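So, here's a batch of structures to check.
Here subunit A shows up in two complexes: once beside subunit B, once beside subunit C.
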Partner chain A sequence: MAKNKIVVAENNKMKQLLTFKIAGRLFGVDISAAREVSPVVDYTPVFHVAEEIKGLVNIRGQIYLVLDLHKILGYDFSGKTEDTRFIIFTENIGESFGVIIDKVGEVVEISEKEIKNTHAGNESGMEDLGSKVEALTLGISKLENQLLVVLNPEKLLKNFT
Partner chain B sequence: MKTNLFAFNKKLGVKLAFGFSSLISITVAIVIITEVQLYELKIIENQIQQLRTPTVQGSMTALNGVNQSLAGLRGYMLLENDIFKTERQDAWSKLITPSLEKLESFSNNWTNPENIKRLSELKVLFKDFNKFQKEIEVITHTNGNLAKQWLGTKAAPTANKIKIILTNMIKDQQNLANTDLERLNENISFLDFLLWVLLAIGVAVGISLTFLFTRAIVKPIKELTELAKAMAEGDLTQHIESKSQDEIGVLAQAMNTFSKNIHAIIKNLQGQSNDIGEFSIQLSDVSKQLTLKSDALNENSNNVATATEEVSINSNTMAATAEEMSINAANVSVGAKEMADSANAIASAAEEMSSSVEDVSNNARNATDVTEKASEMSTKATTTMHTLGIAADEIGKVTEVIKRIAEQTNLLALNATIEAASAGEAGKGFAVVANEIKELANQSAQAAEDIANKIDGVQANTKEAITVIDEVSSIIKEVNESVSSISKAVEQQAIVSNEIATNISNSQTNIQSVTSNIGEVAQGSQDMAKSTSEAAEAATDVAQNIGEVSSATESIREDAQTVESASVHLKDVVVELSSIINNFQTK
Partner chain C sequence: MDDTMKELLEEFISESKEHLSTIEDDFLELEQQKDNPDDKLVNKIFRAIHTIKGTSGFFGLETITSLSHTMENILSLIRNGEMVPTSDIIDTLLTGADIINTLIDDIDHSNEFDITDILGKLNTILEGDGKLSESLEEMELEVDLKDSKGNTIGFKIDLFELNSVLANYKYLYLLKFDLNEIPSYGVNSPVKLIQKLLKNGLIADAQTTTLDEDLSALPIGPLFYEIVYATNFQKTTISKRFKLNDEEIIELDQNFAGAIPREEKEDIIEIVDEPISQEVAKVEQKIAVVKQPKKSTKSEIVKVDNKLSTKVSASTKKLSGETSVRIQVDLLDKLMRLAGELVLIRNQQVLITGNQSSSARKNSQRLDLVTTELQEAIMMTRMQPAGNIFNKFHRVVRDIGKNLNKQIEIHISGNEVELDKTILESLADPLTHIIRNSCDHGIESPEVREAAGKTSQGNIWLSAFHEGGQINIQIKDDGKGIDPDVIRIKAFEKNLKTEEELDAMSDKEISNLVMLAGFSTAEQVSSISGRGVGMDVVREGIERLNGSIELESVKGEGTTLNLRLPLTLAIIPSLIIRIGEQRYAVPQVNLEELVTLYDDDVNEKIERANDLELFRLRETLLPMVRLNEVLLHKEKFTAETRSSITEKYYKQSQNNNSPKTLSFAVLKVGTLKFGLIVDEVVGTEEIVVKPMHSINKSISIYTGATIMGDGSVALILDADGIAKHTGVTTELAEEEDVALTMKNYQHVESQTILLFKNGAEEQFAVALPLIRRIEKIRMKDIEQIGHKEFITVDNISTKILRLDHILSVSPAEESEEAFLLLPKHIHRPFGILATSLVDIENSTIDLNTESYSEDGLLGTSITHDKMTLFIDIYRLIELSEPEWFADRRLSSAEHNEIKRVLLLEDSSFFKELVKGYLVSEGYEVDTVENGLEGLQKIQEVDYDYDIIVSDIEMPEMNGIEFIKEVRKEESTKNTLALALSSLGSDLDKMKASDAGFDRYEVKMERELFLTTISEMLNG
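So, the complex of A and B:
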């Protein structure tokens, strides 16, 4: 996070976000946190671990841990479609893991100012995301016709593995 | 089996004789046995009266004599009075000697041999006793002491001996008399017992005979009486079951036969009376029917009479009508000629019709050819449309592939953007390129989507075209069918119009023959007029004859009524007879 802030500072307040949809809502992560968006979503389930861990997936000989982002954010996974994708994060964020998303969106470039910090007081009147989700959230940004919740992927692995 | 003796095989007289003779024989047996017993009683009584008692009396007399003689002797010894001497002699002469003689005479009948011995002893003792008494009597006045001595030593002991013997004899006789009495009593009680037994046998025989006679005689007679009563009351169904051979059995069989014969006669009579009853009913019915039929005949003949009158009138009318017909036939002849002209006109019209029908037929054939071609064309169009549909489907598949490629390109561009971002400032140019690629991918996806939509439109249109062509095809088929039915109908019409033409020419010839026939009809109707007037005359004759028939049936009717009343009377008589016969019961 500290590193991101440094990057943002160097980029003079402009930030590129990779957006995606979970249960119909728009979320985004810093594009530098993402390593790849993969169409391979067929994972092998593992049991007797925390329920936020779905299983393991093999992409080009490399094994990745699959986190259940739906569950973490408090939604139900409604099943695979042809738009379902697997976002793999960089080694800076965590060792060999990713999350399943319902649909990948555009890469948007927004000013860092437009990301409103939800920790500074919930004045936006937006839905209550809950303390766990709140811990994951960096802030919320208004796009042309919808809201974008910016997530901090570093918290994912630390909180649930 | 014993009852057969009484009940079945023997004659009635034999039975009675047997019964009464058995009773008589029992009575005779009783009398004989009683007589025998009485005779024996008499003997015993005689023995007692004539033997035992006199012997005892004799012995007693002898004993008295002994005592009297001794008393006389003592008196003479003491008083020397001759009175005592005579008294002693009297005792001997009046008592002792006669009693000894009596005993002597009885001894012939004595049964006890001891008594006979005793009697001979007595004789000796009495002789001695008499001798001693006489000796004592002689010496008593000379030598009184010796006399007393002799009396004590000689006379007295002898007298004692005699007394003892006599006393024993009396005792014996009394004992004998007692045994005789016992025998007498035994005989009497035996007789008594025997008489009771015989009485019982007699009563038993009498009762059993009564029972058997009742069984053998009275019962069958009662049954016979019942049968006779039943027959008297007219019941002929009864008969007696008797196997007996006696007079009653014979009588019963005779009664049975009698009853049977009467039964048969009555039954015969019954059947015959029923027959007569039926006959009389039939006769009554027949005569009734005869009456009815003669009535009907009468009515019919009246009807015939009126009918013949009507015939007469009608035939006159007919004659007039025939003349009118003759005139009408002439008119018809004129009509027939006009008809012939009309038929010619029709014939020419029919020929015209025939030719126009042929034209129609040709046109219909042409129409059939055209519709067949149309049908072929529509089939080809359908095939072409199907091909078009398949081609559109393939285009749809190609656009799907294009869409997938565009998506993959989009993902690649996204990953390229991520790579560019990680390269930092150096990757910015690359990021622009990646963005351009992404744009192109989106555009090609959009174009593919448009193509897909258009192809869907083409598919829908193709389907509609196919349904339309199918409809056209079915309509063409219907047209084809209609045309073929038209051509068939036209052919039939052609045939019909030809037939009309030939028929009209036939009718032309027929009309000519009608014309000539009608002339004949005119002639015929004139003849008929003549014939019918003759018929009218004949009918009048018939009416007269029918009148005669009517009077004849009237007399038949009267006869039939007489027969009917007679048969009714006969029926009554039969009913009476039947009720008399029915008084007899027959099966």
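So, the complex of A and C:
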């Protein structure tokens, strides 16, 4: 009985993903990893830190580290607009940190098997992610009209430690 | 483990810790009393150990129970006067207490701990006593408890235990609870039941019984939990409280006849040729004797407790009128954090309402006040008396003394001085180290001491006291002190300093070298410590707490260490500075003073040597660090980095591209001072320190982050880190520095100053001789006439000047009373309002005018580690009441031509004061510090001075010699010269006049001085 259950879960486990745009491309993270999407995007730059760290920001009395996700993924940040947001991750993902994104998208629900391992090859025109980015992703999922790169936020902070 | 059980266990741990913490001192005191141990003291120790034994038994902590039981046995012998607490016995008992402490620290594994060794030692003491004492017998006797009808109830408890229990409780019951029916007793779990029982009395013993014969299955019938319960409540009360019926409460007979020796009972039957009945009879007699006095000691014990409760508030559990509660440290930390948040909100609020309506401002002022008070109150909750760690040292000193065969006594004072918990905890190690050092290397052996004419007993004084918002801790010994020559040689051998450097250093500076990293030497290491070994670690430890340490030692007389520590680490006053768009905070402990250079000085005053920029600040050469460059260079500076930066700004100054002003903060780290060049000095603020994100912890230039009033994040700079990052060390600037220091400081005038406050923020200062009187006034007595405020002092209506009306400083704090400073040398009734007086101090003031300056201020200085604004009293009056000065102003304004004055004055305070007088009158003033410089200046400048104003007492060349030289020169033969001195005798005036001065005035008399100048210039 128990065995059957596990099999079902493996095949059909649904994942809710919070999607967002970085340099026009769609990315997503497990919604349970995100603690909050904040409109506060004015951070204090910090010198002497790794170049992927933008600085520090105060959200209701708590100081968060702002990671430069654009740089980490190999894109250029084109400057903040009214859509720019700061996604803060939960403490389970890493110590008080978040990333600046260009625009927050909707929450999509996809089954885990829909998330294709990027190592599986370039089937159906999936683009080639750099190996550095690949290390940060859980996989790629094909939505109706575009591709969604699912990130593993836990890897983000560990990147520099 | 059940949560409630865990809670109970935690309570046991903290309670036992409390007992153990006091027990050590008590043992030591007991040792002092030797043959006449104080009953109360013994009882107190006994009770503490007994409580630990009793409670640990409840938790099944067998090892602790058995150890405390044995210790208890020894203590009871001492209590009964059957054993004298010799030093050796106390030693063993102390070791026992230490082991209990260790066991409690690791309570989960305590039962695995091997205590055979200590048990053996304790038993040796017990046995060594020879005869079996009464109490010991009691311990060995078991009582078969009986109900009032004389029927046994199946409980056997040792007599001693029973007697101790009954010394505190009146009644003894057997209670029966059916564990299957727990809710019917008004509680919802067995643990709750036990808690409730413990609140009302003491469980002497307990067991569970079931009526079922067959125990292979779970009992179906009632499962009885039987306890022997001692309490002061009557049967009916207990019955009501626990909803027990008559059969479930059985009153027990307190006449314990029938006690039989415990383990030895068989032995006795075999070996002792004595019938048991006789043995019993003997015991019975003893009980009759013992029981009476026990009852009477009860009141004494309570009394002891009462006395104790004032010291150890947490142990007042059983006493009525509790004044303290236990609070989880986590909760306090959270409160502290929240208070921090509130401070931030307060700061934001104050910022927002700054320019709004008065009602909004009033409200925000109140928020400000309440927040400050709240913050202080919460801070207080984290405060713990220094005694918590100080008292340990009695033991430390005793043990070391014994070990080294030295007689050392430690005198402790200031136990009640409170410090933040975190600081206190981090202080334990450095202090232990220092005290061990004193014992080991400071205090000599009795023979050596006597030979040196000292008492054979060495002394160490440990004291704590508050001063200037900081905690001072002093450790002083009367030992042999530090021989500077030995240190000199060591420092030289270790290549820490060159011979020249060492020659230039004072003995005090030499002594302080022991705290230099790398000073420790192998041959100094002993089993206890090595003086110098790890002193650098001590220093680092103290500095990490934002504190400072200073060592003074006189060879042959002793060593004194002074530690200065902040009250708390969580909220610190700091200076806010700006670089580009970003603000940074510099902790005020590192801040010495602020300097701003203007115009040409920006290019000219910054000198260059090797790869460094330097600034000559009075007597010292200050290496300069540009913060913007520090931030831009992530890698540690190399000589190349430094020279390229120096080159860059040199070119800038050559091309006249330098900014109009240059501000820098003089920072101090240990003995190193350097100037940190910033774009702007924003102001001072109390900031809440937040730790750095762990990813950035390795960055040396920051210590943390904080949130500013506007909600943005600012980083807190680490002065030490910046010094290390840029490679600015003492050596770079030291050589010249030492030489300069030796030459100067020979003639520095000290000045009595009054420190006071008006608003919440700033500290002001004024030279006390300028104040005629300080009058205490009531705010409600102030009368308003138009915009002006008056108060009647000595029947004279006196005008009140509020500093915040003239200077841009925070408004006066609301209070019922205030002070009015009435200045001298002013002919109209006039007073300056001060809400509180801080201190009167006699000090040499390093007045700094280049930094924050405003009309009405003489300059700033750091006093009591706070930036202090020195007010120019007369200028303030002038700004407030310009018409009063109209007369003289007219006469000086007649001459449109600007008059040039050369001012010779060595004291920076007077220099600025007098210069201020002159500048405010529209004179052009050049200042020099002595006669030689004066002559040089006259040569240098391409204009003639209209008048020379000179001090008499000056280094290098005094005023008399100077004027003689001046009069020899053709060009200055007739230049007007005014002598200005603090000396005022006729003889001095004669001397001055003979030497060539035209007039003579005494310092401080502003009006007179300016009138004289005006008269002289107008012929």
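Assorted remarks:
Here is the rule we use: the second predicted complex is superposed on the first by the 142 of 161 C-alpha atoms of A that agree within 3 Å, B and C clash if a C-alpha of one lies under 4 Å from a C-alpha of the other, contacts with A are read in each partner's own complex, and residues count from 1 in each chain.
Following the convention adopted for this analysis, contacts are C-beta pairs under 8 Å (C-beta built on N, C-alpha and C of every residue); 3 or more make two chains touch, one makes a residue touch a chain.
Treat the numbers as computed from the prediction; the structure is a model and nothing was measured.
In the superposition on chain A, contact is made by A:104 with subunit B only, not with subunit C. Contact with subunit B, but none with subunit C, is seen for A:35 once the two complexes are overlaid on the shared chain.
Measured by the number of subunit A residues touched, the leading partner among subunit B and subunit C is C.
Of the two partner chains placed around the shared chain by superposition, subunit C is the only one that A:65 touches, whereas subunit B remains out of contact. In the superposition on chain A, A:18 makes contact with subunit B only, while subunit C stays out of contact range.
Once the two complexes are overlaid on the shared chain, A:156 sits clear of subunit B and of subunit C alike.
Of the two partner chains, subunit C is the only one that A:95 touches; subunit B does not reach it. Within the superposed three-chain model, A:148 lies out of touch with both subunit B and subunit C [touch as defined at top]. Per the touch definition, subunit A reaches subunit C in the complex via residues 42-50, 53, 55-58, 61, 63, 65, 95-97, 157, 160-161. Within the complex formed with subunit A, the subunit C residues making contact are 340-341, 344, 582, 631-632, 634, 690, 693-696, 699, 701-702, 705, 707, 711-715.
Subunit B meets subunit A in the complex at residues 408, 411, 414-415, 417-418, 421-422. Chain contact summary for the complex, subunit A toward subunit B: residues 16, 18, 31-32, 34-37, 39, 85, 90, 104, 107.
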